[in-house]
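Structures are listed in the sections that come next.
Shared between the two complexes below is subunit A, which pairs with subunit B and subunit C, respectively.
For the complex of A and B:
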């Protein structure tokens, strides 16, 4: 099936060509993205006509690498392609003044190719590979301006957070493959029992890392150090979406207990990060916290057992959040900052961009007939219809209320203030990308019935949910517009400003024990070092003792012997007189003595 | 014991005593060597006399005397060589002056 391959290969080949040719980066990037877009739209139309594309590649023995285009994956692939294409158009304008377009566009295209692989992957091995690739690419993209202070640490933090959570995906994949004996995702989804619970919880850990759920949400706000198109892409349809996509795809396998945990994690995240967004002082960080909050809502929908609602919200959120980021990027270029105090009144300078931003914000808050209204209602209806309605519905409503509040706050800051017009380079490209995305954000709601028929499942419909959702959204918007955030948050404000000290909690749970272990290791190491030194000193002492005994003992003995011999010789020398007569006389006397002794003995015999 | 043997023994003892006296009393190296010759001559007369009058059938005594004569000749040659060398070096063969070999 060459269509599937071309969806992935087009951006990949474009990235390689950009790296090789080192010129015409913009044209190649746009070309690659549009080919991928056309191919994925063709896949989607195939899916509509009931054809399921599949591509088998040689992989592990008995476990071929598999790319599949089911209605779900084809839909997600199209979503990724559309958002990526529009963000690329925007990036052409945004990166006009940057001096490294080659690196930027090549990495971005590689990222898109990896995300398409992840979305279309039909087996766990390929999914793992793509999962790692998007982690790597996001590291490269967040750290794109690596010379600026703080960017490197933000990129490393994002990478390490997601990497440590990725362990969950590895373990889950191993459990599932061992249980089912096949790496095919569709086959492994039939797993049940304890393995399904364990694998589901591990998958949740992986999704929490990638989708920045509490308590792993801290990296997402720091990832704002990257260029704005990167933020738009990361937060809408690619990196962060991977976690939710993983859970949506594996929902059929998840037992009720795991679903409950998923829903509670999502609910806590949507409230916690919603409060953080409300207390935030930087527009891009506000949007980042909002992303975590919205993905929390999607997890709530998954937890309620209606992945379709989560999917619809993912699609609507992808378009909405990327348009919000693109609008924020325009304001950022206008004021050279993303701090809310510096952005006061920035909306007034460019009413059209502000209109687009406001439309997206209202869509996120869930105002009809914008797309967010339908998806958010679907989530609330899903929680109402689920067996755990009492637990999950308050989370969903609180999330909706907070969404309205922080979006209204952002709009208010952007609208009230002084105007200071300043020309922006490449505004045309940026406006084109933004316009495309806002159009999607506004109109996607109309496509939801078609998606329902495509995926052959229906959403729970409930008038109560619509009333509750709409009133929560309106109440949130009114609160956010009328009441300043500090008064709204009250005693929670300092907590929210610090991200609920959860980064600190991470610090206390992981970093400090790690440092303590490291200190312990250092102490052991010092002990070992001292022991080694002591052994060395002992050896030296033994050597010196040996030398001393050699010097004093053996040498002394030998020299004493020598001296004794010399003394003996000296004493014996004195016997020698040199006078012949004396020697002769001695000889004669001695001979006479000997003779007389001999004669005497013979006489007395 | 025959009277001839006794006479020969007395002659030998007289030669021996004369030789010892000469060797101990003279200071000249040549004279000392003459004394030593007399000592050896006395010893040889004793040997020859004992052979001739006690064991005339055993030739060992004769052989012994012949060997002593040979040794005497060699001793004379070496001794006079030393004396000549010393006389050339020091101009004297007086043995009281020759104490260089003292240890």
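For the complex of A and C:
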């Protein structure tokens, strides 16, 4: 079995086995994830030695399915496998109290398999399939506690938001396949002209849905209804990452106009969702808004034409954000809530967890020598070097400033307050997973040069970027620590707390019109039905009328005929008198008549 | 060589005669005969499948003189378009018999009607003689009429009558078109193969014949605004009747659209293609939105059929309009696969709603809640079938719809607006799942029983096939593509 297949098959088979056996879920899950991890590391080392793995599978006629391990895809695959593995370790502890481990671990592994497929997909059909499947898995995971109120609607909303945006991916794939005559992604990246602009913008729409970019950012915060390990996974290297990964992979095709739009969307998102995070009253929702904001920064990097900077930030962010969520999950178990008011002082009662959380927070803010510093620096340098520097650099700096502010705010809440010690089940597993991820969050920066070599691409270097970035980060941290958020936000606060919904948001713009159309169709439906029934009744009425006329007319005629026949019979009976001579006479007369008629006809012929 | 097509075709009829002969036997015997006969028929269909299809034209042709004076004969055979539908019919009838084994009310008549319907269905798909086709096409109507009228729900009489009148009136124009093509063919024959190889009509005569056929098939498929019989019939029909009606009988319309309209009047279809395409797009979107407005589960699923069959109409119209043979093949591949997928998925959904109704005696989604906890097998099966119906990759509808949409974009980019349907169907299914299965279980449904063995046996094969077709569509597409790639018109 090829390496590339085992990356996907290991978690998939483990998921199926868990579902069938309904026991040993934890062991099977860890086993499946470990095999996938080993296989993806092997793929990566192959990529380092210049080997490209590829696997063709039968798909649609003329469009085979293709898995491909290039340096980029192998790197992403390894990232997914590592983060997923550590989150899984954490989840073993976190889900200890839950009574449905079978369903949880099976879905989680299915999700990992789908994400690996997405990362390694080499053709549009498979990419699209995996793209939608991670949507399904996230629906199942967000809706894991489906009996709680509001959970079902949060899951549905996540699926619907992303599916609406997925239409962009469908259309982009159709355009690219039609232009290139092939569904191979690498081939289609040679597309140019109007098709490339259109496809690029459509890809951006799809990415905005998955990566929760403004104005499609609202579903991500609601997705916090799922278990915390799910949030940690969804928000780091998987679901949300898909959008950025898509853009990073297709950057070579994107024309300047499209890149500019990508950068502006990312820039707006990083500011808007950064402000939302600053005004948030719930730790998990704060982290969710921050995810959108960080992905906005990645889009800014793509817009600046340096996908490598976006990729590095994606890698660093994956480790950082999953650490933050895992830390938040521990505090949540301790206080049974994620509301910031309930979490006051939660950090103080578990200093080691708090230390991990704080390190990740500082890494996200971009403090050297933590990983986030290098990736954020790369993004700011990329914007400075791009032709649209004047537009993009302020966005990147504002995003950095806001990151510092909301992380400092979270740290302050967790540190200030009363201690209340409560035992937490499964803390060992949780701490192990968290420790692994925080180590990555701290040290990943050291691996960046190797990644540059692997991808054969270099980053723009700029001292100005470092100075600007660091000062923005420090200023943000100071503001967030010293000034309460409501004062920072000022008049923006109420709007930020509504998620900057414009005139009612998704519900007002999409859901209500859809239902209005649906009701219109239903009215047409009833009208048509009534019309058909009316035609039917008309037919019946005509039938009734016909029957009445039958009664009088036709029936009357028939009865008259019958009476006539009876009369005739009666009269005929008088002929049958039994008197031989009379009958003979009748016979002779009749024969004469017949003969004369026959004669006459033959004469006239 | 064994005439396996004819054997498969008439096995159900034999079974029906047997049940009639044994009409004093207990109900279980009648059901057993139904299950065994349809099981053997399924084996026959699989045998046909293993024999495969030819590169061009029809395979496994069996002929017998019938009315030589007028050029009508008993002719049956299959190609890559009809063979998958034969197999689908055989699967759905077999599973419907398993599901129906609980029917206590006049079981003999029920089994006889179902078996008669099965012969009519397989006959419609395999007939290569227009008269034979028309006979089977009409016989199916009669059986389904009695099915709804005899074993349906509250308002069954009216629904059955509406169904019958609608589709009977609808099929008269087809008869006229068939006669027209007979008169136009040289030498005069009812052999459909001759009509396909050499379209008998041209010019305005062909256009008239096409219009007549389109009307018939539009009623049958059904296409907006000729679809009103469908929700009424489905809501009232017994669950197995709905499965057959949606899974098999709607395909008569789309099959006819390909076999007759597209293959026998290709020039006229190309000219009228845009109109047909518009009808398809409107039907698909209308069906999706109308389904979104429903609160009755069965009615909702019935209306999603209008949506899914609308995609088939779009695919066939695109095939007619396409200039590039490769694109045309893609469109037809998608359309034929969509027919099979719809049969599997909607079949499963109607079975599930039937099971739900057997337990709760209601189909109103607002009256349920939290059933996933109470009846997990039923619930998860519904979730799987619903996600298949909304076109999720890895499940049966995705490969079909992907090909239809792809070909649409290449031929008539504006029509790709039809893709909005997949978001609307996603919305309506998630809403239904949320209302019926998520949340805290309601007091009154706490004691509801999960699926029993009979129900699982009838449902599980469908769910497995949905996944298999979704993951490995090549299993079907290899056969379908063989024919669609070689079509000449």
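Heads up, the rule we're going with is that the second predicted complex is superposed on the first by the 511 of 605 C-alpha atoms of A that agree within 3 Å, B and C clash if a C-alpha of one lies under 4 Å from a C-alpha of the other, contacts with A are read in each partner's own complex, and residues count from 1 in each chain.
Quick note on the criterion: contacts are C-beta pairs under 8 Å (C-beta built on N, C-alpha and C of every residue); 3 or more make two chains touch, one makes a residue touch a chain.
Computed from a predicted model, the values in this text were never measured in an experiment.
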Touched partner set for A:439, first subunit B, second subunit C, both or neither: neither
Touched partner set for A:585, first subunit B, second subunit C, both or neither: first
First (subunit B), second (subunit C), both or neither touched by A:337: neither
Dominant toucher of subunit A (residue count), subunit B or subunit C: C
Subunit B versus subunit C as contact partner of A:146, first or second or both or neither: second
Subunit B versus subunit C as contact partner of A:573, first or second or both or neither: first
First, second, both or neither for A:163, with subunit B first and subunit C second: second
Touching partner for A:175 - first (subunit B), second (subunit C), both, neither: second
Where subunit A meets both subunit C and subunit B, residue numbers: none
Complex contact set, residues of subunit A against subunit B: 572-581, 584-585, 588
Residue ranges of subunit A in contact with subunit C within the complex: 58-62, 125, 128-130, 132-133, 136, 139, 143, 146-147, 149, 151-153, 156, 159-160, 163-164, 167, 170-171, 174-175, 177-178, 511, 514-515, 517-522, 524-525, 528-529, 532-533, 536
Contact set on subunit C toward subunit A in their complex: 161-162, 165-166, 225, 228-229, 231-232, 286, 289-290, 292-294, 326, 329-330, 333, 370, 372-373, 387, 392-394, 398-399, 402-403, 405-406, 409-410, 416, 419-420, 422-424, 426-427, 430-431, 433-434, 437-441, 472-474, 477, 481, 485
Subunit A partner contacts - residues on subunit B that touch it in the complex: 20, 23-24, 27, 32, 95-96, 98-103
